[in-house]
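The same chain A turns up in both complexes below, where it pairs with chain B and then with chain C.
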Partner chain A sequence: MSYLSNTKFDVIIVGAGPAGSTAAYTLAKNGLRVVVLERGRTAGSKTLYGGRVYSKPLEEVYENFRKEAPIERWVKKERFSFMSNGELLTLEYSSTDSTSFTAYLSRLASWMAQKAEEAGAVIVTDIRVDDLYLEDGVVKGVRCGDEVLRSNVVVDAEGVNRLILERFGMVPKLEKRQVALGLKQVIRLDASKIEGRLGLAAGEGLAWLIVGEATGYLPGGSFLYTNSSTISLGLVVFLEEAYQNINQHVFNILEDLKQKQSIKEVIADGVVIEYGAHLTPEMGLGMSPKKMYGDGLLIVGDAAGLLLNLGYTIRGVDFAAYSGYLAAKTILKAHSMGSYNSESLSFYQKLLEESFIMKEMKKHKKITKLMRSNEMFTIYPGILLDTVKKLFEIEYSSPTILQALRNSIKGKTSLLKLLWNIFRTFF
Partner chain B sequence: MPLNIIVCIKWVPNTQIVNIDPNTGTLIREGVPSIINPHDLNAVEMALRLKEKYGGVVTAVSMAPMSAKTGLEFVIGMGVDRAILVSDRVFAGADTLATSYTLSKVIEKLRPFDILIFGQETIDSSTAHIGAQTASWLRVPYLYYVVDVEYINGVVRATRRLEKKIEVYELPTPCLLAVAMKSNEPRPVKLSHKLRAKMENVIEVWTNNEVGLKRECIGLRGSPTVVEKCIVTPSVPRKKQRFDGQDVREAVKWLVDRLIEDEGLKII
Partner chain C sequence: MKKMKVDEVLNTNIWDVDSKPHIVVDYEKCRRLCNKKACVYLCPAGCYTLTGGEILFSYEGCVECGTCRVICPHEAITWNYPLSGRGVQYRYG
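After this line comes the complex of A and B, so read on.
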């Protein structure tokens, strides 16, 4: 074991995703000596997501965020669709204002890392952290191969597959039911085609979530986001359900979706230029470590389970970045007091509780449950489309809405159960 | 005497991502991240093993735009001691003649050197010229496809693997070796080395002020090669057909049927 003795940092951050880089940026800006260790070739090279980020929390952290960040399009149009038998029932919302934007996460994350570097943080890529380094049970640095780098505090921002925390015994091994599998393709397409086909004005963005047939009726959802001259198309399926029910490779589900008329029209003559897959936490607070801090340790972003999947939207990047920001604030306070024990770092948990992150996660606790009720994905899309079909495809007589709904439900579920499910989700 | 080892690496566009402009036939480099020519990592690994075994200093040299700093940081991370980035607008547009000339002049400034180590070829041009040409400019012996090397009593003993035989050569120093691709496993980056690269500003940038070469010998002006024409082979559009069953035999039958019926394959 060799100790790197001539360099000592105040803070070591593991992982240069949105969480890690935002913590680094905030700390470096306030004069602390920070190093970020990232196993990827560049910051952002190992992250993958769907495509849309909520802006406000980031604007609070980064000055001039709107001007400088690598934003592709501001989302002006939201779509949510049920898909069944190739037919779509879509709710569309067009807004004059917008609170979210599309971006490539690789570019956004590398922009954040660059901000951190400019503020004075040292970003070291190609380095995998193997373990936390402890002295008398207190985290005092990290181990990389046979080397130890010391610091006063370590911020774990390693993302959803938190092997370091597992080895440290802070969290149990990930279970299938705790995560979802996401995969996506980036499809190059002229800006004018994107805008023309989706009814967008120049520069405007669209976020589109689809459930039902779009994931092969598996719990989860498919997504389509517009970038400047590409489309991000992909899906997220709950791993456990997918594991039990799929008898083919998941990428076939995505290929099937691309063959559906409604999607085919949008991506016609586009060229796939990138594809990838990644896990995402799905248990909400159910997979967070009991404490998000320890002696000399703070846990942020996906590693802390801070992600909200509402079905019609995912909030991961803004939560991750903001939790990194709160961790940095905690460390600054601890630094001024000269103590990094778990008592002074517990301030992080307090900041989290008071922030929108925990409030949001608690408020929408029930959604995780509903997201897993199979009916939402297997039966309801069919019922809804059937009902709508009966309403709109008139030959001689037209049914009332209730008649149409009753008829479509027959033999599948009870009207009462359907209404109750809707009620308990949204109220 | 510790060995003075120089290893040359090229910063290339990642040709796995790169697309070809169907009209001009040239690579579209814009927006494509560059990487170290993968075969040059084998050269770096060989240089580091020599250093470990016999003692010495390893200097990496690359002629490239400033973005190649990242690549040089990587090889310092692997354990290279010194890195020189030869970077100046006047070097741009070089063919192999101008490239090897420039590299040889840089290397001359690093005398006395013992062993020059090059990759076998690059993934973006793959001429495999540069090693041989550089050796010729410097009037040193060279050997290609080297898989292993020893340094015994002032003599370099290099092994190379050809298709049907293994050859062992003895060369005097200084000499140049071009390492066979994939002949060793390049080591991962070490934290202490990478930190040094990051924090101590170790990469030296040499412009033509430092190298001092005549304009007509370098860059585009010093490059007699002219690419007259590039012909792009058209890509065949995918038919997007899929076999959905489980049985391998059925799958093969389906595939053969498709090839016979749709593509006119004849079985004779």
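After this line comes the complex of A and C, so read on.
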């Protein structure tokens, strides 16, 4: 600690998650003196996510990423299902190609921290940052208990629970409408069983999202990702809607899902080896601070609200890492100019706006709003399954598609409203 | 796989529980102000239980997600992360 408080670093980074370590890696590689302060015992010991990462942005930042990173399986099969009354309607896409992989986030974060360390960054674990440290209203470091650590600039990569930014007054207290709660079990299972039961070739991965009964009909979705010899099974529920409607323990919803035939047969003889939960930004840019920078401060990753959930894909890790990369680029420029005031750090906002991150978040603004419509999770899965049931389970006469749909909708919603909702969600 | 209880599943994790709680609950507020008590259903680790109609909080199984802090409508929860890397130790995450 005294070594730390006696050393002046160019950059202090709060949090050794994907955003923090990627910023550290990029800065250290370019010769800056960087320290990452991580509250966990190791980098990655406090992080948790669903299970899948989109690769391309990481490949741009880390050389040899595909070869060296702790990748479990490349996702070759995508499944999206509606579940109602134990019945399942599934859309499945099998590809010869892959742009995403499954991984354990603890290991991926630890790998990134190691890369940063090899590049020359100092990673300090077991240390909780409590506050930003200011001189004349300018961020000049951080406080950990009674200690002050100084730097020219601080990168806030503290994650979704922005205790530091809230105390600083940069963001209001986190609200339940801004986040979702994710919970996950990691279940150990032989690779041959995973592949046999899910129709995967050796080494191939699957990502499966399920809405409807899989979350106890709460807005959100359940997920199943395959790792080499485990399955990540969990669910995400929007916290506001869950708060209003939940009528059982959220943990039991996951346990109930494990008992559904379609899931039960996949995880049979599996052993749970870890359970955890985490909040996730879910409001498009609604959780992001207006300015992602201040005098001597940059905000990255979940703390900046950079996560995109489209219902069938969820991107958090690549956004986080890439925002860390852009923050590092900004700092390198500021360093060469010798100024870390908010004007020179505003370059980060510009880089973000020009990058795929903000373009994606803005392009899909509508769908993230519509995902919050309750019907999508409560009524529609039942209507869909009911319609399909009428079409396939024939005794003597078979209905037309329109008849089946009309009969399934009866008393639940109007056909017009349903079609309109589907239309405005996807177009 | 048979249905599991939350304690059973939490026991599969590695823990280094602090001797001091990192979260403090003002039970008086829970008693006086809160009928809903959503923390009982929404804490994924089951840290909030009802005993005789009153909230009882135990921090030992906390996975540090922050849900209770966000949903409590009465600011009854003083929430922080554990010090010195204590608490849950994710190996997979």
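Rule of thumb we're sticking to: the second predicted complex is superposed on the first by the 422 of 427 C-alpha atoms of A that agree within 3 Å, B and C clash if a C-alpha of one lies under 4 Å from a C-alpha of the other, contacts with A are read in each partner's own complex, and residues count from 1 in each chain.
Please note the rule applied: contacts are C-beta pairs under 8 Å (C-beta built on N, C-alpha and C of every residue); 3 or more make two chains touch, one makes a residue touch a chain.
Quick caveat: nothing in here was measured; it's all calculated off a predicted structure.
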Residue contacts with chain A in the superposition, chain B compared against chain C: C
Looking at A:Asp126 after the superposition, I want to know if it touches chain B, chain C, both of them or none. Which is it: first, second, both, neither? both
What is the contact status of A:Ile314 with respect to chain B (first) and chain C (second): first, second, both, or neither? neither
Check whether A:Leu351 is in contact with chain B, with chain C, with both or with neither, and answer first, second, both or neither. neither
Contact-wise, after the overlay, does A:Lys46 reach chain B, chain C, both or neither (first, second, both, neither)? second
Between chain B (first) and chain C (second), which, if any, makes contact with A:Leu181: first, second, both or neither? second
Under the stated touch criterion, which partner chain does A:Thr7 make contact with: chain B (first), chain C (second), both, or neither? first
So, does A:Leu105 touch the first partner chain B, the second partner chain C, both, or neither? second
Which holds for A:Glu255: it touches chain B only (first), chain C only (second), both, or neither? both
Could you pull out which residues of chain A sit against chain B in one structure and against chain C in the other? 41, 125-126, 247-248, 255, 259
Which positions of chain A touch chain B when the two form their complex? 2, 4, 7, 35, 37, 41-42, 122-127, 144-145, 147, 149, 247-248, 252, 255, 259
Which residues, counting only chain B, touch chain A once they are in their complex? 33, 35, 70, 74, 77, 188-192, 194-195, 198-199, 240, 242, 244, 246
Spell out the residues on chain A that touch chain C in their complex, using ranges where they run on. 39-41, 44-49, 104-107, 109, 125-126, 128, 160-161, 163, 174-176, 179, 181, 183, 185-187, 230, 232, 239, 242-243, 246-251, 255, 258-259, 264, 267-270, 272-279
In the complex with chain A, residue positions of chain C that touch it: 1, 3-4, 6, 9-10, 12-13, 16, 38, 40-46, 63-67, 69-71, 79-85, 87-93
